[in-house]
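Paired with subunit B in one complex and with subunit C in the other, subunit A is shared by the two complexes that follow.
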Partner chain A sequence: MREIEELPLAVVDAAPVIPGGPPRRPVRDAVVTVATYVVSIAVALALCALLVAATGGSWEKVFSALIDGSLRSPGAWGLTLTTAAPLLIVAVGTIVATKAGLVNIGQEGQLLIGASCCAYVAVRIPGPGWFALLAALTAGLAGGALWAGLAAGMRFWRQVPEVISTLLLVFVAFQLVAYGLTKTWLLLDRTPRINKNNTGEPLPTDRTFGHLHLFGNDVSLSVVLALVLAVLIALWLSRSVGGFRLRMLGLNPRAAQRSGVSAVKVGGTALVASGAFAGLAGGVLLTSESAGDRVTTAFSGNYGWQGLLVALLARDRPLVAIPMALVFAALRTGSGFLAATGVERRIADVVQAMLVLALLIPPAIAAIRDRRRAVAAARAGAMATAPATAGAAA
Partner chain B sequence: MLACDAVDLTLRRGEVHGVLGENGAGKSTLMKILIGLVLPDDGRVDVRGRSVHITDPLVAADLGIAMVHQHYSLVDALSVWENVVLGEPARLDPSAARARVREIGEHYGLDVDPDARVGSLTAGQRQRVEIVKCLRRDPTILVFDEPTSVLTPAESDQLFSVLRRVVAEEGRTVALVSHKLDEVLQATDVISIMRQGRVVEHLPAADADARTLARAMVGREVSLRAEAAAFGLAEAVQGAAPDLVSTVAAEPVPALRIRGASVRGRDGAPKLVALDVVVGAGEIVGVAGVEGNGQRELADVLSSLTKLDEGTVEVAGVAVPTGRPGAMAAAGVGVIPEDRHDSGCVLGMSVAENLAMADPHGVARRGMLDRRALRQRAARLMSEFEISAPGPDTPMRLLSGGNQQRVVLARELSASPTVLVAAQPTHGLDVGAIEYMGARLRAAAESGVGVLLISNELEEILALAHRIVVVHRGRVVGEMTRAEADLERIGLLMGGAAA
Partner chain C sequence: MIWDVLSSSILYESAFRLAVLFVLAATGEWMAERAGTLNISLEGMIIAGAFGAAVGSSTFDSVWVGLGYAAVAGLVLAAVQANMSHRLTANQFVVGLTLNVLVVGLTAFLNAELKPVVQRAGVVEIPLLSKIPLVGTAFFGQSWPAYMVYLAVPLAWFLVFRTRWGLELRACGENPQSADVSGVHVNKRRRQAIYLCGIYAGLGGGFLTLAQVGTFEPQGVAGRGFIAIAAVIFGGWTLKGTIAGCFVFGTAQALGSVLQALGYRANPQLLTSLPYVLALATMLLFAHRTRPPAALARPFVRGLT
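This part shows the complex of A and B:
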């Protein structure tokens, strides 16, 4: 028997639920963004100072030395600019792959292979200097492209994730170059010289980039090349049909495939291109002599990893990569002056790491904020999809 | 914007309470408040006269409130009884659980094998599992969110008789959320109608008729004849379509001919089996069927996203390679995909870029995009298709679902396709937008486009299609012209009965 209830079983008396979250406030957001950058960089530098002080150094001297090495001392900023060129080229290549939705993290290896190919051609090819330089750089580009091409091939024929293959190919590249440096028919110095174990042949001086002499600084012409590439790629990505199709692939591969963008062709090309950029950066590094005039096993010197970081910090905008590359280059050249302060040279790496984190935190905060807003909007959206008719009437 | 604005709803013991409203009226939000998935900003919920705070679904479960969701929350890899006991804190007792599933099944006529793997069940059977799962917890209030969207007409009738028993014999309460007039009229005792987040009307089902309900739903006088499909009035649609006469006789070269199409899924299960479909120019062919019977794969094939294992696709007599990027689009197949976020648009790009996706070279000179041409084309399409957005450069992400759908429609139609595939084109849209989509599809067909309409909403197919193809488990199990169409027969075919 069912009892008759006077009281209703359940009464809902709800409540405005506001979808879309709080309205967007662009000005406030911009102020908050700038403030978070300032605060996080200040905190990073303060922590670095603390670390230096804790290890018995003087943080004033350390920062002063960093600035001396990168900007203040004679010829310093020229060297910084020259150092920035390969970093920028690696970063621009990385951005091309990332925009296509592919994660290339093997620039260090691609760069080393590129530098080796460049060296091989540069010391062997006859002809005028400019021609040899061009041929050598092309060889570097091709070497990097080939190295990334291996990853692209595995990615698109065998579904091997390119994150893993590009990374592991770095170690293969190191071994390969180390082997090449034991054979004169490959990379080992062919000249009769002592103490030439495991080093490449020095480049003839006419096979290197020329310099601009500006206010007592030597700036390699490779800087011009890097800037031109960054601008061209920025334009290509945002303005060209090819760049449009590449971005489409990165943002929605299924929509892209329907519209005729082949993941194999466009994605594969993007991955190979990013390797080509890293390889070219290797060639530039060698021929602008900022890292020595011959290949060694340690030649790549983290330029590949740092270029990857530059792209990360620039958040895939080629033009933003330019100042980021300069910051990293300044830390590299600045660290050369640390020895005089009696502080461990590797403190520069710590500063660098802290700065990377500091520069990554504000975007992360912004992303969390956007995500919260999106979740709030989605929650509300699931309940109330905005009526299309209301819009049409407006 | 308010999803629910000072809503009052009273559920009484022993009634089936229909909550009616078009998409976006706030029905689901209200039910989610009841089940603890959404917290109201203000207001109160009383259960059995006591004010309660339903902060999460566990609290709701303790209060005896259970919900059968529109998209089931079942684990495919587990068996039926495992799913039923999933999430319960008690010790696992497989034989008792099996017995309980059988017992509940027998009691309510919800026949389901406790040892079957959920992944192998049809949508209707899964719903039974979901209901068994709810009933096992002996709830006082059962909430059903659009339960018939995955059912054949016969399964729907069966569900309603279960609901009837649950309330009449056991004194439980059922809240049935729906946007279909037919089923609310048929299955409920009391009806609350929601519009733009408010309950605008509350009346006993016995006093209600389709016309008053429809008017209350959209807030204006409506022609049930013209808009029957949007209201889910299958009977009305069925009677109301003599003006749809296919102009297409047996053409020598149809707009689209799919022959012997077969596709296997990743797990090797057949998704399409020797499927044949022909769409003439100027004809709307409706593909009817319960969700998950190959419709998605069919649309994917025609979007160049899936390669056929066997069979051919011909567009205007020319064979088109399947699975090759862009081949279908280049051959003149436009697609309004089932999930526009999946392959229909790029959320991270602007409206203008989305409109140019199909043909970027049309707004480019020497390989470089012409910004002015891009914006001009976008502005033209936005006004032609009544897309409401602040401007062509607005990110696609910020548009409402209805407007995103219009962007997709505008792009696909502006490419002057030979064939237009519309997969669930009105899913989640409100009545106005549904009408608009219907008018566009009709206009496309009149201009000579062959339209393939894939829809789970039988009413929509009956309202628009000249010819109807019924699919079941990836096969065509029946085909008829609109004039021959008969609800009962289509329903049986959808359920897999031989024609």
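This part shows the complex of A and C:
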């Protein structure tokens, strides 16, 4: 009893739920919520447009180039879908960790390590293509899991905050892969060539994902894998005992401990799983060839960070992450067309981050509104009961 | 070899120069954490400061204006972080992380559009003191913005430990409910701590651009903000320990260039990752022995009770 009571309170993100609850005005609230979303997204996009205009660009051209690059030009939407797959996988993994109350923000490194492990196995393992692909993806998964496992071990063995350790491991991962790319027995291209500085070995073509040809677009089968994972995790989180325990740990660690949920086991597994997803995403990125067919030092190309933003944007709902991943993938593929407009392509990164910030505001405003109402309701209740108790005392 | 390295004044000079950014940023972060915020956007604040310094010094041809811009840039980012996490009560990690991504993109975009030409700060040797053998130039023969640390750190100590404001600040980090009952506006104190952190980190970024590197590169900060956060943990949330951590990490970062200057060969990837590995290792050793502020990273929402 004693040690349980001394445990720290849960980390509460939103307003606490107040008994009795605030008075509900469903229709008006829905209208206000939609309005705040529309306004904050509009403000975010307007700020980005203003930024482009202020630096002498034309935002109409930027917008049209983004649409061209992501949807309109031949083969564009197939590429967008293929790009969305690793983003979605990273995001789904992030959601698993966040639901358990852990903040994994080292996906970029986990993804790079995963991609490297995947490449190592893919160019070495004999056997039929499908088997090699499966083995390579498993290696990617294991690599990411290991990298997150380091942070998980530090978190649960020595109370090192995972927020910092996952982040610092990103920078170690970069150097580790850079080192691997200088040695042929690790990642460096083994074929003797003149100029082979710091590039990995190209993947044999039978070790890559197949493509679906749809209306003149090549869609990688990795998209199917990503969608299946998102749906499975959504179901697992909402419908299974394991998912329930995980969410319980995230919502209230004290209550979770009292009902026998081990923070170390469940939380550690969640953190490792989120790394595994990021590692798998690295493998998918490599084997779907949307970022080249070999590992380089810059291979991860912000896929990890952006997948993380997708998860934040989806506010930890795996199914909502699907459209969000598409939006981010569209901004990514679209930004490739920005060079023609003379606007620096990093504007796409700005738009992404501004969207995330914009979508943080409406729920926060709603939480404040609910809290104010609850306080008002409680005060009104106190006023109503106060004379009665005073009378009883007299 | 070890003796060679330890007896060369280059090591101390370089270590101090690299530690200045850590000291400024970590002191700011320390204040924010003592008030109860684990401020992840420290990295972004440094990048913003580094870019602000580049723009300021480029437009006005003055290092002073550059530093001013750096502080303002850090403060602007701090204002967003503080108001979103301690007014709107959005998750502080989510806000901080998004801000980091935003700042990297925004500064890369603006840098390509504006192409600032940085004005570098000159070296000022303090007479007599800079003549101390071995460590004289390290502590007193740097380019002048480095001497900010001699003002900034005692100021932070005075504010946190010798003023009423600082006492309230620490109360907000330890027991926000009690602080609230005693009439302290918890979220306001926390916001103020983040503002100060933004100014400090911005100045650190300014130092990086104006005195250390001489140009602005969007990727140039490369996680130094996170090392500064690790320094606070290393120091067990004490100011002395934090500063010590900064010098340890600064020395680790200096080691690469010093070994090269002395003619030793070492694995470049290992040397680059040394500060990060060291930060992780020290956290592994010390994190469980120290006690963080009791309400660290817990948002304060005034309830009905």
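We take it that the second predicted complex is superposed on the first by the 347 of 394 C-alpha atoms of A that agree within 3 Å, B and C clash if a C-alpha of one lies under 4 Å from a C-alpha of the other, contacts with A are read in each partner's own complex, and residues count from 1 in each chain.
Convention: a contact is a pair of C-beta atoms (placed from the backbone, for glycine too) under 8 Å apart; a residue touches a chain by one contact, two chains touch by 3 or more.
Please read these numbers as outputs of a predicted model, since none were measured by experiment.
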{"item": "Touched partner set for A:Met248, first subunit B, second subunit C, both or neither", "value": "first"}
{"item": "Which superposed partner A:Gln175 touches (first subunit B, second subunit C, both, neither)", "value": "second"}
{"item": "Touched partner set for A:Leu308, first subunit B, second subunit C, both or neither", "value": "second"}
{"item": "Partner chain in contact with A:Ile105 - subunit B first, subunit C second, else both or neither", "value": "second"}
{"item": "Which superposed partner A:Leu360 touches (first subunit B, second subunit C, both, neither)", "value": "second"}
{"item": "Touching partner for A:Val160 - first (subunit B), second (subunit C), both, neither", "value": "second"}
{"item": "Touched partner set for A:His213, first subunit B, second subunit C, both or neither", "value": "neither"}
{"item": "Set intersection of subunit A contacts, subunit C complex versus subunit B complex", "value": "8-9, 11-16, 18"}
{"item": "Contact footprint of subunit A on subunit B as seen in their complex", "value": "1-14, 23-26, 28-30, 32-34, 38, 40-49, 65, 140-141, 171, 173, 196-197, 303-305, 325-330, 335, 342-349, 353, 356-358, 360-361, 364, 367-369, 371, 386-388, 400-403, 405-406, 428-430, 432-433, 436"}
{"item": "Subunit A partner contacts - residues on subunit C that touch it in the complex", "value": "38, 40, 80, 84, 88-91, 93-95, 97-99, 101-102, 104-106, 108-110, 112-114, 218, 222-223, 226-227, 229-230, 233, 267, 269-270, 272-273, 276-277, 279-280, 283-285, 287-288, 294, 297-299, 301, 303-304"}
{"item": "Subunit A - residues contacting subunit B, complex", "value": "2, 5, 7-20, 239-242, 244-245, 247-248, 251-252, 254-263, 379-392, 394"}
{"item": "Complex contact set, residues of subunit A against subunit C", "value": "8-9, 11-16, 18, 51, 55-56, 103, 105, 154, 158-161, 163-165, 167-172, 174-176, 178-179, 182, 305, 308-309, 312, 344, 346-350, 352-354, 356-357, 360-361, 363-365, 367-368, 371, 374-375, 378"}
